[in-house]
Amino acid sequence: MAEKEYAYFSGCSLEGTAKEYDTSFRLVMKTLGVTLTEPEDWSCCGSTPAHTVDHVFAAALAARNLAIVEKMNIGTLTTPCPSCLMAFKKAHLGMTEDEAFKDQVNELLDEPYEGGVISKSSLQIIYEDVGLEKIAEKVTHALPDLKVAAYYGCIMNRPPDVAQFDDPENPVAMDRVISALGVEVRDYAFKTECCGAAFGVPKRAMVNELTYKVLSMAVDAGANCIAVACPLCQQNLDLRQEQVNRAMGASFNIPVLYFTQIMGLAYGYSPKELDMDKLVVSAGPLIKTRIPIAEYRAMKEAEAAAAKKTPKAREAKEAAKTEES
Amino acid sequence: MNNAEQIKETIARIFPDVETVICYQQGFDGLHATPYFISIPEQVNKLIWNPLCAQNLTSYLPSIKKKVGIVVKGCDSRTIIQYLQEGLIDRAKVVIIGVPCTGVISVKKVLREIGHQPVVDVVFDDNGNIVVKTQKGEKRLAIADVCPDKCTTCQYPTPLVYDHLIGEPIASNKPKEDVYKDIREFDAKTLEEKRAYWEKEFERCIRCYACRNACPMCICQDSCIAETREPHWISQRLSLQEKFMFHMIHAAHLAGRCVECGECERVCPMDIPVAKLKKKINAEMKELFNYETGVNPDDKPPMYTFNVDEAKIKEHKL
Amino acid sequence: MSDTGYLPKEKIKDFLKELAKDAVVYAPCLEGDIVLFRPFSEERTLCLDRPANTPPKSVIYPQSETLFAFQYKKAPEDHQKMSVELKADIGVPNMVIFGARPCDAKGFRIYDRVFIETNTPDPYYRKRRENTLIVTLSCAAPSPGCFCVAVGGGPAHKEGSDVMMTELEGGYVIEPVTEKGRAILGKHVIEDGKPYLKDAQHVQAKAHDEVRNPFAPDELPKISQSLFNFDGFWEQVVGKCVSCGACTYLCPTCYCFNITDEQGIGSGERVRSWDACMFFHFTLEASGHNPRPTKFQRFKNRVGHKFIYYPEKYEGVIACCGCGRCIRYCPVNVDISEIVNYLKDTHQELHWASSRKEGTQPTVGSTKDE
Amino acid sequence: MSGVAGKELRIVGFLCNWCSYGGADTAGVARFKQPTDLRIIRVPCSGRVDPLFVVKALLTGADGVLVSGCHPRDCHYTDGNFYARRRLEMLKRLLPFIGIDEKRFHYTWVSASEGQKWQQVVTDFTNQVHKLGPMHAKKESEG
Amino acid sequence: MRVGVFICHCGNNIAGTVDVARVAAEMRKLPGVVYATNYMYTCSEPGQEEIKQAIKKENLDRIVVAACSPRMHENTFRKTIEKAGLNRYFLEMANIREHISWIGEDKELNTAKAIDAVKMAVAKVMKNKPLYSSSFKVNKRVMVIGGGVAGMQAALDCADGGLDVVLVEKSPSIGGMMARLDKTFPTIDCSICILGPKMVDVAQHEKIKLHAYSEIDEIKGYVGNYQVKVRKKATYVDWTKCTGCGACMEKCPTRNAYDNFNFGVAPTRAINIPFPQAIPKKAKIDPAFCRQFTKGKCGVCAKICPTGAINYEMQDEIVTEDVGAIIVATGYGLFDLDKFPEYGAGRYPDVITGIQYERILNASGPTSGHILRPSDQTEPKTIVFVSCAGSRDKSLGVPYCSNFCCMYIAKQAILTKDHVPDSQSYVFYMDIRSPGKGYDEFTRRAQEDYGVKYIRGRVSRIYPKGKKMVVRGADTLLGTQVEVEADLVVLATAVVSAPGAAGMAEKLHISYDTFGFYVESHPKLRPVETNTSGVFLAGACQGPKDIPASVGQGSAAASKVQALFSKDMLESDPAIAQVNTNACVGCLKCVRTCPFQAIKEEELRNGKKVAKVIETVCAGCGVCTSTCPCGAIQLQHFTDNQLLAEVNAICQG
């Protein structure tokens, strides 16, 4: 039985380039007992292009969807895409804090938006609403080889007044979610560093440089894969990795997974189900060692039993020594 | 009902621990109860207990120095709690006989129903009715229809503090959100309507100060600034302005203290809805400080304390 | 012209309109649920079926009146020289009090002795009194708490009235009491009342029998001085009094007042306003001392004034008209007739005296039964 | 008769000595021009301002009343303005109930250094009261 | 009543936009006003003389001066009328300059407003009553709270002046922040070398009683007569027996206790003497780390102590000190690294604060004066200093300048070069603020003689790259982004109020600003006084300041105390609350609301309970007066009737 229900706005990327994000997110939500209901007749959120042209118009694009969700009586909307999220949050804040702006926007809409929808990123609902305990509870498989650098991108947590989620400079939600799965996470300094975003086309050199930094910092941090929560980040880091290698003379071969894919793997879904084959840099070798959690625990316990004998004895001896002196 | 008998028994038991017990006896006609101060147990036979016993007897407590027993209803008990909050009485010197109450009657409302005829006889039946006999016949009225306004939203039919409880506690069956419904409705009127309303009401005021003197929380009594020259807040002129000012003084001094017992309104010979102003302030106190008067002896009256950061008070923009 | 008039009920408004031609007519009008004397006009609702909540006393003796206004004047050439200019205005229109009850009208007689029948008559009161015609309506039945017959009055007592009306089924029988009142009979809506006079007298007599007399019949109450001066008595009988002024301000015979100067920077007024002996401030002296600091002493004064001091000064006239308002509207139902009853009864006195001797608390409740 | 008929309304200001009165001084020293309707009463602390002064003023002839004290936490007497804040907020909410526009009463915090803010407060409040017009118009036309 | 009104032209300041003659003429029309005139400069000698003459000649008994703000000249004119034989409270001032002539342009309106203002003053002065001060005895003993350099200076100056001093220090040793510094700017002399002797002076001064490791629990009373409850925190070492030999510290098995003195640069023992020059030089156990407390067994120190001073059962002790004045010198605090997520929020060991670096530089510090970076104890070659780490940053709630960081960064950069000659230091700065004697020369020396590279710009991010820390910032002079790969980064974290500053202020009844710094009586003219008489400020508790400024304030506060104590009796301000016992009903609501606990319950002879004002404690705010429902407690000089007279003058006049 579903414990929670959200209106699910997948957005355009998840219909195309980030299909695997959509697939894996839906599967993970199913495991966690969360119902996702897609609003009927949703439309473009406006994304970056709209608000660079006209704020009222941009808000109207987002608010049209919010108005649809408002009618669904679910209350909370979730979207995996940080761009969509920002568009919704900005429209909502603008319209609830400024009555005149609200009227302007609603003028453009068939159905007015009254401000009754809360928008949250998929990461936020997993981290805050589902909770780490539940996340850990559902784990069926261990991923012993993964060393993950969690990469949040620039707008998941910023600007803080709008995002209202996690620490804007050093976010930890994704790190904690992945840790809760039992997967190793590496402390990573460039969690929110810019990847170049949509400038991949007009300013390729700049994106190469920025993406290079993000990738090399992950490698320096000792990670062997990167977890992301943004379709555009994924695209820059994964699809353009070869391009970066060529331009910067590097030889990165670091898979870039959606964090939901890692969750899916830990919850026992097959790589095929999770559309792992859509990744450009293959994660195949890293996830080969996936092993059911029970087996993994048994193995570890055996190892520990063997290893711990000696140090324990040493510790006891030391304690006795201090007593004497 | 047997409550009267039980009260009598209880009173007999608490003597001589107390010197006086304040309860009710029949007043000058069948429709009126009047306060009854008992000083020897034998007097108890004249005690009455029925829905005529509307008056809030606790008003007498702060001025009595000796140990007293007192009969209180749920609403009256809030006064005692407010006294305790403000340190106005010594709990050890009061023996509280609490009586759960299903509603009292408003003499004014009954008189309106019977056309202000002199009353020959009054009886209460078992179905919650009052039967009033006059020269012109008999009238049966549901108590719920002739109760004071406070009873219609009563949240505390059972006393919140007592030493002896008569009968079984009763739970309120009135929705909490209705308590300030009348205030919200009145507030929705236009400023002009409200101003005109109060001017019409206050114009009748004869400054007899019955509202003030009957008010259990009007602790100044003889020192009330309505009558002093030092300070000289209002004159003895009978202008509307002075009457308005007097009622604002009354309201302001009861801010966060009014226990909504309705005495001020009950005693007003001019039928002025004096309690309304105080109820409005109470509604704001609830909203601003989540404070309700007379329910918790450990609360602090909101006007005599503060928070460095007030959650509900926002700076006003011009 | 007959000595008796008759006013058919349907013509009562015409009658009032006619009176209003050359006078301000104060009549008992319904306001919300209460009845007050108001300057009568078409849009008001006349209410004659019960006594007004307040007596009409403020018509002749306003609750607050400006005795005079004063203004400081500086000499234009020398600002050190200052004079005070006084302005008093006692211009009063002709007034009619219509629908007062006999007790209300009798109240004015109590005032007359104080304000007019003295060496220094009060011009403000006298002027109003002289300019006012009092048209009284006799009571067909007693009101809750009233006891006029016990204090020298009655439901058709004529003292203080200029005209006495008595209600019959179809109209009012009008009996002039004074010369001033006789003029009423000339009003054109007034018919000959002779045929109805007998009926009216019957109604009056019947009403008289119905009014309660808490004291001994056919005799004015006599107060026992010793009990009157016993503090314990007052502490017992008025313990419940809240010391407000409802009784005095609603009383047709209470006339105590206060005089204050209300001053701004350059001008001001001398104001006379009702005061009440039930208030602490009534006897508060400038020094801070108060000879009557407790409500017991103050209540004692109220009873004393009405039943001892006033009668002593004015040939035994009791300054209480028995209207019952102080009982009806008392917040705590203090019953002055009950208290006076204790005071006059010699048997009671013995009881109180004995309880005083024994040092026990006298007990009102139980004695009342005996 | 206070004020210049026709041009001015009667606005009474209660200013605490330490902050707002000083702020008004600062505004004066800096020659920040302000409307002239306001009449200032100096009190030691906004906590001294009994809400009844405001009522008294509004009932007897003022068209607007302004109370200004130290910013919360900056009270010269540590806590005075905290009490003022509660009492004045109570009054602000009560006024409309008796039919007085709450816009005729404003309370705010201005420090001794905030001359500019003071100018703004006086200007805005005076304008606000002017928008509402005289409160006692009826009485004046009768008299 | 004979009121005299004096309208000042203030040259053209008032007369330029107010028709002063008309104001005077209007006033003459008022009853009670027997004399009204206007004068060029009323505050001048002849102006005051004219008031005095008029009082005599016209037999005036109340005076109204319409001139500038009473905040300016009320005292002047009070003295004037006092000299002429009137009670000083028979003066009212109407502020027709700051509140009228300077802010209104229309002369007609200004004049009308001035007439009202003076009329209000006349209305009030007619209600004024003569008030008289009463006098009370002073306890000539002073308490100094805080044993940093400011507090020590104040204590020594007071003690040298013959006063008995109680010095209360929160930490186990006096010395404060200065004791932790390595060198001081701009002279580069050794901090502890100049402070040490002062600390010894404090310890040895017979007039100074020191409560170290003690805090203030409660302060009661008023100027001249304070009662202060001091909580002497349990040290678990009997200091009467402890000789400070240090044997316990040497043998203590717990080696991971947090070292407050060194700001956690290195761990210390659970029983420790904070630093070699500590005064008092006594050991103290930190129960959060001591095994005897955490595990319930150990007892090593008790066994080792040669004098048997260890007492694990020790409890806090409360002592009450009676003093007549209090000097507050509680110092400052520093921003934590966790306020800076973009700089790693404390996750990177090689990003440290300035005070931590101070300890690393210090010869008696944990590295014995060798510059070794925390992560791997290697000598850093590239060091980046970031100034304004938090300071002047509204978003972090610190809009102010921390005053001395520019200077200590220059000093630390110079010292770094001295210690590690082949090192290179960089300083990211917003502005270089060095306005002291020899200060600017000093910062120039750092740049010119020591080759410190100053980059004007802020740092946006610090992140690790291998063993290096990359400092990314802007160079606003070149207009580019710069990245410096550093071995060690030192943040000049913002100076904030001391932890618990607000709570202390509330105990003292003094005001504090939004940032927790204590507010002086007047920012220019009363810099060490507070609004609570008898309480004075010294040092950085009032705002960030360097050593000379702190020492200067310490001495200033001491001299204020000396002046206060030069009289045996003090006079109280009579403009305080007074109870009319006839009207008081004893509800004691005033007791609840008085911010100063200046009201208590009193029983009259007739048994009536009433409120009573403790005259010396009442500060005259009037909260009680607006609390009292029956008008029985009236703030003198601002009574209900006085304020109502003003209201009426406006509304009815």
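Labels for the chains are A, B, C, D and E, by order of writing; each one numbers its residues from 1.
We adopt the following convention: contacts are C-beta pairs under 8 Å (C-beta built on N, C-alpha and C of every residue); 3 or more make two chains touch, one makes a residue touch a chain.
Note that the coordinates shown come from a computational prediction; the quantities given were computed from them, not determined experimentally.
Q: Chains touching chain A and chain E alike, please list them.
A: In this structure, no chain contacts chain E and also chain A.
Q: By label order, what chains touch chain A and chain D together?
A: E
Q: Can you identify the chain nearest the overall CA centroid, using each chain's own CA centroid?
A: Of all chains shown, the one whose C-alpha centroid lies nearest the global centroid is D.
Q: Let me spell it out: compute each chain's centre from its C-alpha atoms, then which one is farthest from chain D's centre?
A: A
Q: Could you find the chain whose CA centre sits the greatest distance from that of chain C?
A: A
Q: Sort out for me whether B-D or C-E is joined by the greater number of C-beta contact pairs.
A: More C-beta contacts join the chains of B-D.
Q: Distance from the CA centroid of chain B to that of chain E, rounded to the nearest Å?
A: From the centre of chain B to the centre of chain E is 51 Å.
Q: Return the distance between the CA-based centres of chain B and chain C, expressed in whole Å.
A: Taking the average C-alpha coordinate of chain B and of chain C, the gap between them is 30 Å.
Q: Rounded to a whole Å, what is the gap between the Cα centroids of chain D and chain E?
A: Chain D and chain E have C-alpha centres separated by 31 Å.
Q: Measure off the straight-line distance from the CA centroid of chain A to the CA centroid of chain B, and report it in whole Å.
A: Averaging C-alpha atoms per chain gives centres 62 Å apart.
Q: I need the residues of chain C touching at least two other chains; which ones are they?
A: Expected reply: no residues.
Q: Note the residues in chain E that touch 2 or more other chains, in rising order.
A: As it turns out, chain E has residues touching two or more other chains at 582, 593, 627, 640, 644, 648-649, 652-653.
Q: Which pairs of chains touch one another in this structure?
A: Between chains, contact exists in these pairs: A-E, B-C, B-D, B-E, C-E, D-E.
Q: Would you mind writing out the residues of chain D in touch with chain B in their complex?
A: Answer in residue numbers: 50-52, 55-56, 59-60, 72-73, 79, 82-83, 85-87, 89-94, 96-101, 106-109, 120-121, 124-125, 128.
Q: Considering only the defined contacts, which chain E positions touch chain D in the complex?
A: Residue positions touching the partner: 69-72, 95, 97-100, 102-106, 108-110, 112-113, 116-117, 120, 505-506, 509-514, 519, 531, 575, 593, 595-596, 619-623, 625-627, 635, 638, 640, 643-644, 646-653.
Q: Write out the stretch or stretches of chain E touching chain A in their complex.
A: 251, 253, 297-298, 300, 341-342, 344-345, 347, 463-466
Q: Please name which positions on chain E make contact with chain B in the complex.
A: Where chain E meets chain B, its residues are 580, 582-585, 587-589, 592-593, 627, 629-632, 634, 639-641, 644.
Q: Help me check something: in the complex, which residues belonging to chain C touch chain E?
A: Against chain E, the touching part of chain C is residues 72, 74, 79-80, 82, 264-266, 288.
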